[in-house]
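The two complexes that follow have chain A in common; it is paired with chain B in the first and with chain C in the second.
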Partner chain A sequence: MRRTAALIAAALIATGAAAQQHAGLSPLAASPEELRNIQRHGPWPQPVPRDPSNRVSGKAEAIALGRALFFDPRLSPRADLSCASCHLPERTLTDGRERAQGGGPAKPRLDRNTPGLWNVAQGRWFGWDGGSDSLWSFTPRPILHPDEMGASPAHVARLLRDDANLACRYAQAFGRAVPPEADAETALVDAAKALAAYLETLVSGKSAFDEFREALARGDAAAAARYPADARRGLSLFAGKGLCSVCHFGPNFSNGEFHNIGMPHMVEPGRVDPGRHGGIRRVRADKYNRLGAYSDDATRTSGSRTLHLTENHGNYGQFKVPSLRNVALTAPYMHDGRLATLREVVRHYSELDIDRLHQDGDALLKPLRLSDAESEDLVAFLRTLTSRGFPDLNPVTGPCKPQGQR
Partner chain B sequence: MRAWLYVGALLAATPGLAADPLPIFDAHLHYSHDAWEMVPPKEVIALLKKGGVRRALVSSSSDDGTQMLYAEAPELIIPVLRPYRSRGEIGSWFQDPTVITHLEDRLKRYQYVGIGEFHLYGDSADLPVPRRMVELAREYKLFLHAHSDADAIERLFRRDPNARILWAHSGFEQPAKVRELLRKHKNLWADLAYRNEHGSGGKVDPEWRAAFMEFPDRFLVGTDTFAPERWHYVVEHANWSRAWLKDLPPAVAEKIAYKNGEALFGNMIKR
Partner chain C sequence: MKPKRRTAAGLALSALLAASPAAYAACDAGPGVLRGETSKVALAFRTTPPVIKVGELFSLRAEVCPQAGTRVSGLKVDASMPAHKHGMNYQPRVRQTGPGSYAATGLMFHMPGRWQFTFDVETPAGRERIHVDYTAE
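Right after this comes the complex of A and B.
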């Protein structure tokens, strides 16, 4: 009821403000439908859901262990790569490269772009292909992949056991000593769960868009008027004729699913990235998935989506719809980083090659045919999704004090 | 000992008895200009062979792509003439009279088994360009490969009741509608390209099973390589098709997998 009243108030204010606007769209002018669309992109921040498949999700001691591991290059046997080597704190937890760079002397160019990690816990599938159904089950992928950290479960178990600080944090997080060599895989999974617990804490702050959205909701014309006019016009395109918000939906600007937007997906001559088609196979076969023995969800109900996944022809070449929060800070774009700027991204949608999409498969997508001014407005809107502030990512966690000591 | 060797050799040489995978006649492939460098002709042919594709119905924007593949493997590629000279004509070709000049020119120069795949819906099928295209198909005794709704299919048959039409994606219609049209038009065949629901998870849907059992001679499978990368999906698609075909009686499965395609198109090209 209160929300309805706020919407009506905002609409009334919008009408008045629109009359005063001399050029372009008023920051407040909006139809009730547009107001509803805008409100769907909040509130922000959203509560972080606890993961029932991870018993240490949200547990402070596990978060501390995960934080220590995230910044520790010794997770890689060569000690040359930590999670933070690619998810750089100073680069909005991505690396600025088109495609990620692996570890070891060869530093191979990997197949995909490094996604940012802010607000990652809002996702439902993890990785560009959604090949993992939980945050914790994704983390062993870079740890074990020979082109990335190249570790083994035994290596991770040894690291946890041999480092007194990590062993202490492990004991506090999991209530037991690090498993013996024979059960190294459990140690790996626990490390993954601790890392996930830490990643769940990476929540970015409010953006100019959020402030505008809240101003609209409470009918605060003065506050809403501070939102830039070009971004306001871009928002109308985004939620209106551009239909962007159909996929970039909700508070995190992603529906969490996968789409083919006509992006090429050849990795190199003779090799194609199958995208979601491969991801569905991967997640179903993943021994760490929500249905597997390592899941802490005794009911396995959180794995029902995984259980019912079936790949279809349209999944080939689909990639995850990324969140747009902080998108201006996470260039380059797309699953393989082939688009360097937001302008290029907007141009892609504006000049979409529909022949690369199946006529009956992705009927939503049509070339937007935006003018230069409209394109600039859309980019201006996207820039307002940048958070005003980010929580501290200080890697130093200090020595672990055994329980009972202060 | 000799007898066992003889039996072994016989098994290996007999189709269907040996461990060879079910051959596939892929009735829906395109080799358009943006694919030529990304997946060169030799690689295309290698992928088809790797997938166990025995014959392949190919149409391209432009037709030069089809001709390149045909030159590379005439025993494998069966050319179909697309009315599109480049990508991007899907939504305009039926109003463009120069398409007819293009078709007439290519038909004089090369051999084809059909015209298509073209995109045509509703009353657009009655426009002059599609009407002339139907006449050309009749004149050259060619199939029409139509990506169309049921309405356009009906209109094409009204234009030429003896036309032979391969219905791309079976119009994305429900199986009941596909059966209705197959009953009504004896010269209609249905390709299943880019559809999943008939054989998802290796199980044939009951409604589709009824359609396949009623018309075992009228269905074909196809990958639809509408983007260059999808050539690398040909093998995957062939295996996916084999999985659901296995859920049908073997004789029906063989027809849909390759025998229908062979019977319809196998002897149309004179070499």
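Right after this comes the complex of A and C.
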């Protein structure tokens, strides 16, 4: 009811503002449908739901352990790679590379772009292919992969056990000592759950777009008018004829699913990245998935999506719809980082080669045929999704004090 | 939410209903009830939650009401976005909960816009297909 009233108020303002419209589109002029589409992208920030499959989700002691592990290169046996080596705090938790760089002497070029981690807990599938159904179950992948950290469960268990500070934090987070060597896998899973608890706290602040959206909702013409005119026109394209907001849906600008947008998916000659097709198989086979023995959700209810997944050949070449929040800070773009700038991304959609789409690709996708000015407006809009503030990413957590000690 | 458009078959069925109202009583329209029909069967269902949210799993309970002389042996449930030419990314599971009663879980609309439910009612004489439109906001 309140939402309806706000929309009506905004529409009334829009009607009045339209009369004063000068060169270009007034920041307040919008149809009721467009206003509804804009309001769908908020409010922001969204609450972070506790993950029922992770018993330490939201627990302060686990967050502290996860934070310590995130910045600790000893998680890799060669001590050359931490999570923060690729998810660089100074680069909006990405690395600026087309494709991620692995660890070890060879530093291999990996297959995919390093995604940003801000607001990562808003997703439902993790990894470009969605091969994991929870944040914690994704985490062992880079830890164990030989081209990345190359660790083993035993290595992670030893690190947790042998470092007094980590062992102390582990005990506080999980209420017991680090499991013995024979149960190293439990230690790995617990480390993953602590890392996930930390990652859940990575929530970026409001953006200029959020301020505009809120101004529209409360009918504040003066505040809404502060939104840049080019971004306002770009927003109209985004939520209107561009149909961008159909997939980049909701407060986090992603519907959390997978689409084929005509990106080449050859990793190298003779080798293809199957995208979601491989991700579905991976998540079904994943012993850490929400339906498996390591899930803390006794009812397995949170595994319903995994249970009901369906696979078809249209999944081939699909990749996850990324959030667009802070997108101006996370270049390059697409699953393999092949597009260097937002202008190139907009050009891709403007000149979309529908022959490159899978034959069963979304009929939704058609070349937008944007003018240069429209393309610039769309880029201007995307830049207004940059948060005005980010929480502190200081890796220092201080020494762990055993419980009962001051 | 948009109710199903009345079809010629539906209008014809209305005439039949006058002759055998009891057969369709369980499939009458009501608050929160979505409904579709062919000349041989009617189907009424409710979703949980009543308003389907984009990106969230939902379930439904359906009643199938056959015309006199028609026997129902099963029900399949699916949905698609006709304008986008794609279906759901999730496979619903349907179980019978009683004579003519079915429960489906694991449905999800992952995009806003017009979706179309497809119910395949299985009868010894073949499949009766019912479409019901729904606009997810």
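The rule is short, and it goes like this: the second predicted complex is superposed on the first by the 402 of 406 C-alpha atoms of A that agree within 3 Å, B and C clash if a C-alpha of one lies under 4 Å from a C-alpha of the other, contacts with A are read in each partner's own complex, and residues count from 1 in each chain.
Just so we're on the same page, a residue touches a chain if its C-beta (ideal position, glycine included) is under 8 Å from a C-beta of that chain, and two chains touch if they have at least 3 such contacts.
Please read all numbers here as calculations on a predicted model, not as lab measurements.
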Q: State whether chain B and chain C clash or fit side by side on chain A once the two structures are superposed.
A: fit
Q. So, does A:Gly96 touch the first partner chain B, the second partner chain C, both, or neither?
A. neither
Q: Give one of first, second, both or neither to describe whether A:Gly240 is in contact with chain B, with chain C, with both, or with none.
A: neither
Q. What is the contact status of A:Phe249 with respect to chain B (first) and chain C (second): first, second, both, or neither?
A. second
(Q) Between chain B and chain C, whom does A:Leu364 touch in the aligned arrangement: first, second, both, or neither? (A) second
Q. After lining up the shared chain so the two structures overlap, which partner does A:His313 touch, if you call chain B first and chain C second: first, second, both or neither?
A. first
Q. Looking at the overlay, does A:Gly292 come into contact with chain B only (first), chain C only (second), both, or neither?
A. neither
Q: Tell me which partner A:Pro228 touches in the superposition: chain B (first), chain C (second), both or neither.
A: neither
(Q) Quick one: is A:Ser304 in contact with chain B, with chain C, with both, or with neither? Answer first, second, both or neither. (A) second
Q: Answer with first, second, both or neither: which of chain B and chain C does A:Gly58 touch in the superposed model?
A: neither
Q. With both complexes placed on chain A, how many Å separate the closest C-alpha atoms of chain B and chain C?
A. 8
Q. Do chain B and chain C touch any of the same residues on chain A, and if so, which?
A. 310, 314, 360
Q: Give every residue of chain B touching chain A within the complex, in rising order.
A: 32, 38, 43, 61, 87-88, 90, 119, 147, 169, 172, 194-196, 200-201, 224, 226-230, 232-233, 236-237, 240
Q) For chain A, which residues count as touching chain B in their complex? A) 262, 264-266, 269-272, 274, 277, 310, 312-314, 316-317, 353-361
Q. Chain A touches which residues of chain C in the complex?
A. 54-55, 57, 83-86, 88-93, 105-106, 108, 110-113, 137
Q | chain A residues touching chain C - in the complex, by the definition given at the top | A | 36, 40, 124, 246-247, 249-250, 255-258, 304-305, 307-310, 314, 360, 362-364
